[in-house]
Amino acid sequence: MRFVFKTSYDADISLFKHRAQAVWYGLLLLLVLATPLYFVVIGDAYLLGEITGILILAIAGMGLMLLTGHTGLPSLGHATFMAFGCYLNINLLGAGVPWLIAFPLSGLIAGGLGTMIALPVLRLHGVYLALATLAMSMLTSDFVVIAEPWTGGIAGAAVPDINILGMEINRYSTPYKFYYLVLFVTILIVWFYRNLLRTPTGRSFTAVRDSEISARAMGINLTRTKAMSFFLSATAAGLAGALFGHSAGYVTNETFDLVMSITLLLMIVIGGLGFIHGAFFGAIVVGIIPVAIANGRTFLSTTFDVNINVPGLESALFAFILICFILFEPMGLYGRWLKIRTYFELFPFYRKDMFKRQKSYLKTDRVQ
Amino acid sequence: MDFLQLIISGLANGCVYGLIALGFVLIYKATEAVNFAQGDFMMLGAFVCIGFTNHEYMGLNFWLAVPLSILVMGGLGYLFNWGILRHMFGQSQTSIVILTIAMGFIIRFIAGAVWSHEPTSLETPFAGQDIRSGGLVLGIDEVLIVVVTAFLTLVFFLFFSRTRIGLAMQAASQNQLAAYYMGIPVRRIHSLVWGLSGMVAAVAGILFASKGAIDPSTGLLGIKAFAAAAIGGFGSLPGALLGGLIIGLVEPLASRYGPPGVSQIAPYAILLLILIFRPGGIFSQTQRKKV
Amino acid sequence: EQGVTDTEVLIGSNNDLSGPFAAFGAPATKAAQLVFDEVNEAGGIHGRKIRFVVEDHAYQMPKAIQGMNKLINGDKVFAMLLSLGTPMNIAAFKLQDAKNIPNVSPLSAARQMAEPFSPLHYAGTATYYEQIRVGVKYLAEQKGVGNVCAMYLPTDFGKDIKEGAESISAETDGLTYVTETTHKPDDADFVGALQKLSAEGCEIVALALGVRQAITVSGTAKKLGLSGMSFINSSAGFHTVMAKVPGGVTEGMYAAAGWADLLSRMDKPEVQKFFARYTEATGEQLPGSGALLGHSAAETLVKALEAAGPDLNAKSFQMGMESLNYEDVVSGNTVTYSATDHQGADEVVISVIKDGNWMELARQ
Amino acid sequence: MSLLEIDNVTLRFGGLVAVDNVSLRVNEGEVFALVGPNGAGKSTIFNLISRFYDPAEGRIRFDGKDLLKHTADQVPSFGIARTFQNIELFEQATVLQNLLVGRHRHRKTGMLSNIVFSPKAYREELRHREAVEEVIEFLNLQPYRDKMIGGLPYGVRKVVELGRALASEPKLLLLDEPASGLSVEETQDMAFWIEDIQTQMGISVMMVEHDMGLVSAVSGRVMALSDGKELATGTAAEVQSHPAVIEAYLGTGEISKTGTSRA
Amino acid sequence: MNTQNTKPDVVLQIDNLESYYGPIMAIRGVSLKVHEGQIVTVLGANGAGKTTLLKTISGVMDPEKGTVTMEGTDIQSMEPDAIVRRGIVHVPEGREIFPLMTVAENIAMGAYTRKDRSGIAADEEMVYSYFPILKDRRNQRAGTLSGGQQQMLAIGRGLMSHPKLMLLDEPSLGLSPLLTQEIFEIIVRLNKEQKVTMMLVEQNAKVALDAADYGYVMELGRIVMNDAADVLAASKDIQEFYLGVSQDENQRGQRRWKQRKTWR
């Protein structure tokens, strides 16, 4: 166990708990910065594209994590906010707004619109909020159709390439640039997120999550706080949507559907609700499993000439793996990560039973 | 006359939503878990019955196949809880939701693999038989749906409010720990209610499939049933039926008298409106915490 | 050239094996694989065996992007075959075109598959748009009626059907496009919609619904006694199961498609062979429309690869494709490609369900 | 003028009159205790002050301002902080974080400066932490500083709740059964704390408590309530010897942990 | 006085019990015996592990080591509902009522394991006679009761199962002095009249020791003292730290800086 002797309040406030942690995250940063090198060496950027996709998922996941994991508001409608971001970005770019302005702006407007939509349902809790946002998700495709002049409706819309001060960025033709761009946005959002959690705003979010009554008694305005969380959350989702558009190249009314919303929720739950790490762990799992399954299948067929072509097997396998993840780690992968860390920190004093799950019992959600 | 016809078919259709919603509510009332796979359970129930009764499969007598498939589905619901959810006892409801979503994928896969992805009809003895009177057409299937749904709702309503085990189910959902302190076998009760909801799913599936064809993606209907359950007030059995009827009626009315597209928006728009003005649905089951 | 070695040519397909269109995607890829197996057993084409890699996107865009990335950047396929879904195909065009990857016989009869003209895009059959135009016109002439309507899903496919019905009505004297209703894949009750169509005097209804829904529509119309209404499907509804619904529920449904129904042509040996091979390999009862499409697309590809010669690249493949002109016995249509025509089978076959079978009425 | 003035307040739940025409004053610098049988309406009066309920009739004024014109989340900004009978802490947060939320009413930076962690936000954060550390020091909470609430014993939670309320630097502290579930020793500590809160911090205290030992040790005036109605008001000794109070509330035995009741 | 000899029939025996919350060891090798017809009290400061001990007995927590034996059968690995059916009922700390059910339904749930209708009805009457306010509020939702009323409900509900052994975790919590007195009278009466064995955790040590036959003192998860209740009550340590009887009562200023008693 590491004992940290804090000598000033700074120590509590700083981004990292102790020096070693800062070093580890520094190394991680170096690693992600250097990742493309590997792909340059092997001369094949295919998997880099998937990694970029994971980062985009993680951005959206962080958005949802803030709302669901830190404010306690479940949402099955985050694909809607992604749609906002994506279409706003397309339209702003189409109107000649430079990407550097259009991109953040589309996130912010998505956040604003998301908040406006969410305002009337902020009183809701638990299942009801989940179902209200689900309804929102179900209506998204209809509204994309209704807003055809801006969205291309059913026929869809092509997403223009990114142009930063004359530098063209496209997912396929310049995969490295696109990776670094997405990475930059990701890191920026992580930094914002961390800041939020160590300041009053973030604390008011978790307060609302843990006890609305207490939060009010401490002077926290529920509606405002929830709206704020929705705004930030939808903004992140909007930015992810805009990036997703760039990575897809073409979007239609069916792109941002309920499945996408569900995937996001799924992601943060198996990643670990209530931890920034959770968004990344979840994105990695959700992003990698399908790639692994697909490549595994191809590998089987090329190397062993075993052709597995059962319709829906991928989805079922994916679902099966998810079930295993949840069964064996209901607190999410972040929980598993903590255990592994504790094991090394306590070595050799770790007891196997240390994390044995104690019996736990739920109480009703219907008393709020 | 047209209008009446519209209402009748709307009611029949609403009952299907109501029946699926009933399945959600059963589970919610007893465990507070939300089963995202209820629609898929229904689909599976229909396919199981098809497997028993259709000629290309086992070709059993329909009236034998129906109870058989209800039993099989009840067993599957029980097993699902026993084999998977039981290990999640006391964990957050969100994890359980994710599990049921994943289960939905697997059920769809199994149904597709066993019965193919193509639409299949259930061979019922009353297929295409109608009662006609004064310009009104009433399918036997529709009559059956209405009768069965009303009956099941009533039975479950009485079960939950009058029987000891029904009360114990409600207790178990409100406070699992306290339920154990009272000696209520909470896990067994969970399995039981999952079994019951599997049976209800089978009934819904059979009735639905007898009204038209069914394929592995039919489970999508579950989403509209969600809306129904929430409109009625998640956790209220009569609410589930009412919510189902509301959606069932609004849809055909909107597509008959509204501009194209409204009928698909309507269920969700109604859900949002109701939740805005009555955050717990019509028969609200929520309560403010006293401090 | 990517995806081509001396011993192998790699073909990709981004398909729906488990989503809403799995009823097309799954059998199509199976049937195509059977064709390739046969070719490979016989030694391949110009010494190259065909390896067919299928990805399942379940009709979801994010998965489709992953699949596309894997096929094109990971596996590095030479050509795409039978990729399903209009938006998925359109999204892929950008990347495929940049990498010179031909797109052959996608499982989408949208107009964008062959328009605007691109040297790399080859549509298999007539478009939905064309199909429904021909079908509506034929029905109107046969029945001597003029009020055209549409029931459709708000997808690209639905849009093509609706626009086809609308445009033919506008162009033809005596035809008027009256009204329309839209639906969602989970709609299960059509009484309101049919009452509306009947109240507004619809006589020909162009359908762009899921197969299950089309069956229900037909049943409901029968029940309500709406005998004055004829329903016409495009190729998406020209499915064998449609005809096989018990109780005669779908009797009298029409379909205008780019090929002819298999069962009505069982006398041809090629058809028999295909039937036998497919049912034996898959254990299914009969090859449906998806299998049919998969088979002909694979045949087209094989023929084009042969015609392209041993020196295989995008250019030679284009030459090969554009030289094709043959009778596809299994599909019952003629496949022609040329430097200006990138749509294989141009005919539209109109059929009707009679006694539980599709029966060919006319073709043009 | 008194700090808190409650005039003729009535609240009904359906047919039940939970608070029946109650009037009371809490003066600046005073410890005022509410006692009474279970269900008398004591917690409900707290909830009325916190604006969780709207009274059917009556006025509630604080510092001369009409509280009824404000919402629950505005109440703390006047300088009113409270604890709950059944403990309402933020379970998934540490003791430190709980106390920091208590500082919410003093926050001066907005969301934006929080997100970018502006120097201003940084300085504010330092100030909050200093204030909170003082509370931790005062209540001897150091051993629990970074512990999750979920794993703390009942008694510690009670103290954390007091700390959270104190962290907001209120003028009036509402304590709902502060000593329930505390051991003798802890109850004595609680008495000392309340005394210090009153005398050294100059905070007025209104408390509900069943331990008459604690009540008589710390409170100036006591009001006894029964069935929503006032029974008696006066010093602890006066109220404790009031026959109606003895009959409805105290009984004959001596029930107090600290053993100093019955002056 | 040696209770072990006078009352040979042990209802509950605990040997070397260890319980954990994840990595935290809350019960560190506790052994004790409860004899039939006894009232046993467990005293201890906050966080001593009293609640954990009761939870481990009633099966809502699994011990990691040690045994809990009821009338000769090991029950430590059983599900809590099975333990209730063997006759142990636990009135928990923090009430744990069913908030959306009415008072009457809550009470009915207390008798879940029983089948004898007349017995149930009689016990219901008994509970209502102990707590008349509950009868008045029969149809009120339990979640809206006042804190003390909920505590009465929890106790009343516990009585409904007609147990052999009752585990009471701070039964007086939140009750008025009058009711606290009554509760202990009820406990003693049930013990005398119906021979219900009681295991009682209380912060109100004076009342608890008055009612109890035997007492255990817990600190930091261990039992540090045990003896007959009157012996304990006379002990100096107990008097000082649990009964608040202090020698230098007037010198508050001094007392508040004194070290807390720990038995380490």
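Chains: A, B, C, D and E, in written order; residue numbering restarts at 1 for each.
Following the convention adopted for this analysis, a residue touches a chain if its C-beta (ideal position, glycine included) is under 8 Å from a C-beta of that chain, and two chains touch if they have at least 3 such contacts.
Source: prediction; values computed, not measured.
Trainee: Common contacts of subunit A and subunit D?
Mentor: Touching subunit A as well as subunit D, we find B, E.
Trainee: Taking CA centroids for every chain, report which one is farthest away from subunit D.
Mentor: So the chain farthest away from subunit D turns out to be C.
Trainee: With chain centres defined as mean CA positions, report which chain is farthest from subunit A.
Mentor: E
Trainee: Of the pairs B-E and B-C, which shows more C-beta pairs in contact?
Mentor: Answer by contact count: B-C.
Trainee: Compute the distance, rounded to whole Å, between the mean C-alpha positions of subunit A and subunit C.
Mentor: 37
Trainee: Quick one: subunit C and subunit D, Cα centre-to-centre, how many Å?
Mentor: Averaging C-alpha atoms per chain gives centres 73 Å apart.
Trainee: So what's the Cα centroid distance for subunit D and subunit E, whole Å?
Mentor: Those two chain centres are 28 Å apart.
Trainee: List the centre-to-centre spacing of subunit A and subunit E in whole Å, with centres computed as mean CA coordinates.
Mentor: About 47 Å separates the centre of subunit A from that of subunit E.
Trainee: Using the touch definition from the top, which residues of subunit E touch two or more other chains?
Mentor: In subunit E, 21, 60, 99-100, 143-145 touch at least two other chains.
Trainee: Would you pick out the residues of subunit A that each touch at least 2 other chains?
Mentor: Residue numbers touching two or more other chains: 142, 145, 213, 311-313, 315-316, 359, 361, 364, 366-367.
Trainee: At least two other chains touched by the same residue of subunit B: list those residues.
Mentor: Counting only residues that touch two or more other chains, subunit B contributes 108-109, 112, 117, 174-175, 177, 180, 216, 223, 261, 264, 285, 287, 289, 291.
Trainee: Name the touching chain pairs, would you?
Mentor: A-B, A-C, A-D, A-E, B-C, B-D, B-E, D-E
Trainee: For a test of understanding, state which residues of subunit A touch subunit E in their complex under the given definition.
Mentor: Subunit A reaches subunit E through residues 342, 351, 353-356, 358-359, 361, 364, 366-367.
Trainee: In the complex formed with subunit A, which residues of subunit E make contact?
Mentor: Going through subunit E, the ones touching subunit A are 20-23, 60-62, 64, 99-100, 143.
Trainee: Given the complex with subunit B, which residues does subunit A contribute to the contact?
Mentor: Residue list for subunit A touching subunit B: 68, 74, 120-121, 123-128, 130-132, 134-136, 138-139, 142, 145-146, 213, 258, 262, 265-266, 269-270, 273, 310-313, 315-316, 318-320, 322-323, 326-327, 330-331, 359-368.
Trainee: State the interface residues of subunit D toward subunit E in the complex, per the touch definition above.
Mentor: Counting only subunit D, the residues touching subunit E are 13, 36-40, 43-44, 85-86, 151-156, 177, 180-189, 192, 210, 212-213, 248-253, 255-260.
Trainee: Which residues of subunit E touch subunit B in their complex?
Mentor: Interface residues on subunit E, with respect to subunit B: 58-60, 79-82, 84-85, 89-92, 96-101, 105, 108-110, 112-113, 141, 143-145, 157-158, 161.
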